[in-house]
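Shared chain: subunit A. Partners: subunit B in the first complex, subunit C in the second.
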Partner chain A sequence: MPKDIVSVPLPRKPRPVNTIVHGTRLDGRGPEEFRPIFFSTGVIPQATGSAYAELHNTKLMVGIYGPRPSDRWVGFSEEGRLDCDVKMAPFSSWQRTKWGQSPDERAMAGLLGVALEAGVQRSAFPKATVDVQCLILEAGGSELAVAIAAASLALADAGIPMRDLITSCTVSRVDNQLLLDATSDEAFQEDGGVLLAMLPSLGQVTQLLVKGEWAGSELEEAVQLSMSGCKDVDEICRQVLQEAVQPA
Partner chain B sequence: MGPQPARVVAPGDSVYQLPEKGEVRVGSGIHQDGQHLITCRPGLLSTTQSGKVWVAGRQKRYIPQVGDCVLGRIADKHSENYGVDINTPFPASLPVLAFEGATRRSRPNLQVGDLVYARVTAADRDVDPELVCTDASGKAAGFGAMTGGQAFRCTTSFAAKLLSQPTPAILTALGRALQFELAVGLNGHIWVHSPKPTTTIIVTNTLPKGEFLSDAQAEMVVKRIVSTMQ
Partner chain C sequence: MDPKGEVGGSLEADAFRKLYPHQFYANFLAKHTRPDGRALMQARPVSVTPNAVSSADSSATAKLGDSAAIAGVKLEVAVPAEESPDEGHLAVAVEMAPMSSPDVRPGRPGEAAQCLAEQVSSILASSDVIPRQQLCIEQGRACWVVYLDIIVLNADGSLLDACLLAAWAALRSLRLPSVILTADGNVEPCDDLPQTSSAAAPEGVWAGRMLQLESQPVAQSCAMMGGKLISDCTAEEERLADTIIIIIVDGRGNLLGLIKAGGTAEAGDMIMQQCIEAAKLRQQDLCRLLEDQLSAATLS
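And now, the complex of A and B:
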């Protein structure tokens, strides 16, 4: 970098103090409402399957590559492997990220893998690996949940056999109120959070991640809320696939 | 279970309850869960009168099936066989003796990167797919190396549609207007060759557009393109 160019960090927009004002959220949603959801498939031509997801400020893309023969060091396996990789674009959040995989990205890749593996029929591609590559373009909150839903759409687009679509959503507890599909500001304020991924038609949960302290009844309520959220996402995913198969 | 209008399905849809008696032949894209048949990929649910059920998906990946004619690219050269990339999870093998008239002394001289039209003779989840470049009686019958022309990709379902009867309108219209050779592999590879490069390019660009066109639209598109050419 030439010496006369100085990199000045952008001033950070302060986090809002209250995320709930008079019962509504900062973006005008009710507590049990999603942000506007947009999904689309077939966005990466060279990938076997791909999907783009946008929930207001959260934008990400998933590409599915393969199946390809598993690397030799993996060894023989009757069941195929899902190799998940999550990458935050350097410009995705307020703070520009450094080069290389961050611990956050590694953790998200692991959680994404667990959520997807239970839904994919891995016995259909023995000795092979399917690469799931997720790029987060803008991190506006609930990235992992959106990534799981988008990855399942991309897998479906690729024609990888699945037991069901896998959908996911988050619930945050802010000021003792449960908020569905939390933004990054709300997640920052939360004192407890739930991420749930499930197979909606089969009614099976593939991933449940709970943060913070929860009373039993309260947690049950949060899980119920996220399960109904997953069903809503599922409906949208199915519509998207319908349009992809039979363009109007 | 009679024929029904094609229905769009997504993974996890329960499409049928198994009948008390009778025969149901389950094809790709569907698996059984107890008494229910459940789809495992998106596509059009297709049935026949004889009780076959499958999901016709619009996928790019190809699952090999014995008897399929495929277009592949030579990826490896070994002493006894060629490794061929036919768009499957694992590379297929093509024995050097699987050509018409090939012997140990006179073997085909194919290079890495060459395009071959071949027939799948073995496809199983436990072994790599195997190809031959002859028909069942040992004749070349159009199989073998494809020289000249150019190849491009399409979805496997469009490739199957191009090979099905009646021939899609876009192909018949192009065939009426232009002179060219075409080889369609069920793995979603298409090879086009013609005496004039312009024709090859026109076919390459026009053919994939025909996937979702009605007969009348396809005729119109071809007419327009051919008129601008002259």
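And now, the complex of A and C:
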């Protein structure tokens, strides 16, 4: 295709105005329900560990390589490093994205690293790096939360020593109603949002991101809701890991 | 340990494979088989899944053994180029996902990815497999630009075969939507016209349609290893091969491309003929597989 051709996408379909009708969401869920969750491990045979996650329209893959020797420029470190990278496929959202890291991807990579670091026993691999590579195939909402859970599954699949699985979920506030596991349409309508990542068995929170204005009691309610959500995700993750090692 | 000797003693097969890969393969090839149990010209199992991602205008994943690629199409509109006012455009990009192999690092696309993009793009562009006139909305005013992005998810050899299969499956299931070309030159989406009243199309409406494609191009990778020809190589086999030969054919028996990538082994007439015959058989197999998958996807 000639370089001087400038193309534009068609105008996007308008987003739905109301995301909740009579207490049910557009996809038929109640406010405190997850989308159907599908996780699977070992999807990339060459990687040390890998996972695929699908929550309706959110689809992503995580591959783990390492621990392998850190690059020389990193310098000496008693503790191992987690090197996270997040990539959106060009066709993952309504407008085609160009190749090359966008600020969004960089921010997500940073947040993914912070959420995972607390759960990984980095002292177990000194001077080495574990690469966590996430590819978002379709961005249907709550990608970062799904990426955190999928990455922790992939780390477990790779046999990297961890203190616990790390699970995560989002809560969005739309019209004063708290919605667990928001889709992109719901997140677009939100006037406040919470992303929480935690070590579910230890009951420790590794990351809490809050957007918007919140009253104290309301925020506490949102945090409680997301913590119970994380425990649900944890149950599914553990089941997936058990099924992966048990002969069917 | 004598590297020319038999596998034996305390050295285990895995270690032998790593230390003396050529000898390891030679032992198998001498018995007309390969370490994964395949015959020399036997391909790995193939699967194609259309419509893998709903955010794309069309998409497909393809798996050849452990090699996997996903292709997605995004449509945009543009003013046609002056030299070809009745044609649209196809832009192909290939990316190796960092997770696809231990050697790929995040960042700018590497040499392998750019090479693949060039190959896929020239296969789809050089022959008349995609009639560009179909991508014209109105001559000189508006046309479709088809962005075809292919991501290699797992790189285990014969990547061109996998990328081309995924690309073709995505294009094959691509439906161009109905649009209205407004008086001031904007292209806006509109509802599909009812099938019955197609004769009375309102002014400026361009009716949506499936992209009509010619015969499916298929790539078949072969390699020469120790004087023997093997097909559909894994990444390990590609590393050890003396040379790699890729044949691209379509269903009408046309040869669309031939890539012999350097190497130390020469490939004579006999070998080339053998590769082309294998590619033709492969084209029929993959064509049948894809059509089955597509009709299954439309039925469900």
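Worth pointing out:
Assume the second predicted complex is superposed on the first by the 239 of 248 C-alpha atoms of A that agree within 3 Å, B and C clash if a C-alpha of one lies under 4 Å from a C-alpha of the other, contacts with A are read in each partner's own complex, and residues count from 1 in each chain.
Rule of thumb we're sticking to: a contact is a pair of C-beta atoms (placed from the backbone, for glycine too) under 8 Å apart; a residue touches a chain by one contact, two chains touch by 3 or more.
Note that the coordinates shown come from a computational prediction; the quantities given were computed from them, not determined experimentally.
Once both complexes are superposed on subunit A, the partners subunit B and subunit C clash. Looking at the superposed arrangement, the partner reaching more residues of subunit A, out of subunit B and subunit C, is C. Of the two partner chains placed by the overlay, only subunit B lies in contact with A:Pro69; subunit C stays clear of it. Residue contacts after overlaying the shared chain place A:Pro16 against neither subunit B nor subunit C.
In the superposition on chain A, contact of A:Pro36 is made with neither subunit B nor subunit C. By the document's definition of touching, of the two partners only subunit C reaches A:Glu138; subunit B does not.
In the superposed model, A:Gly110 lies in contact with neither subunit B nor subunit C. In the superposition on chain A, A:Gly203 contacts neither subunit B nor subunit C.
In the overlay built on the shared chain, the residue A:Gly212 is in contact with neither subunit B nor subunit C.
In the superposition on chain A, A:Pro161 makes contact with subunit B only, not with subunit C. After superposition on chain A, the stretch of subunit B whose C-alpha atoms clash with subunit C is 184-192, while the remaining options among 76-84, 166-174 or 184-192 stay clear. Touching of subunit A by both subunit B and subunit C, each in its own complex, is seen for residues 68. Contacts from subunit B toward subunit A in the complex involve residues 8, 10-14, 29, 31, 38, 40-44, 57-61, 89-91, 125-126, 212.
Considering their complex, residues 48-49, 66-69, 121, 124-128, 156-165, 199-202, 237-238, 241-242, 244-247 of subunit A touch subunit B. Only residues 1-2, 4-11, 13, 44-47, 50, 57, 59, 61-63, 65, 68, 85, 87, 89-96, 99-101, 131, 133, 135, 137-140 of subunit A touch subunit C when the two sit together in their complex.
The residues of subunit C lying in touch with subunit A in their complex are 52-57, 59, 66, 70, 72-79, 81, 89-91, 93, 95, 97-102, 106, 108-109, 145, 147, 149, 151, 153-156, 177, 179, 187-189, 235.
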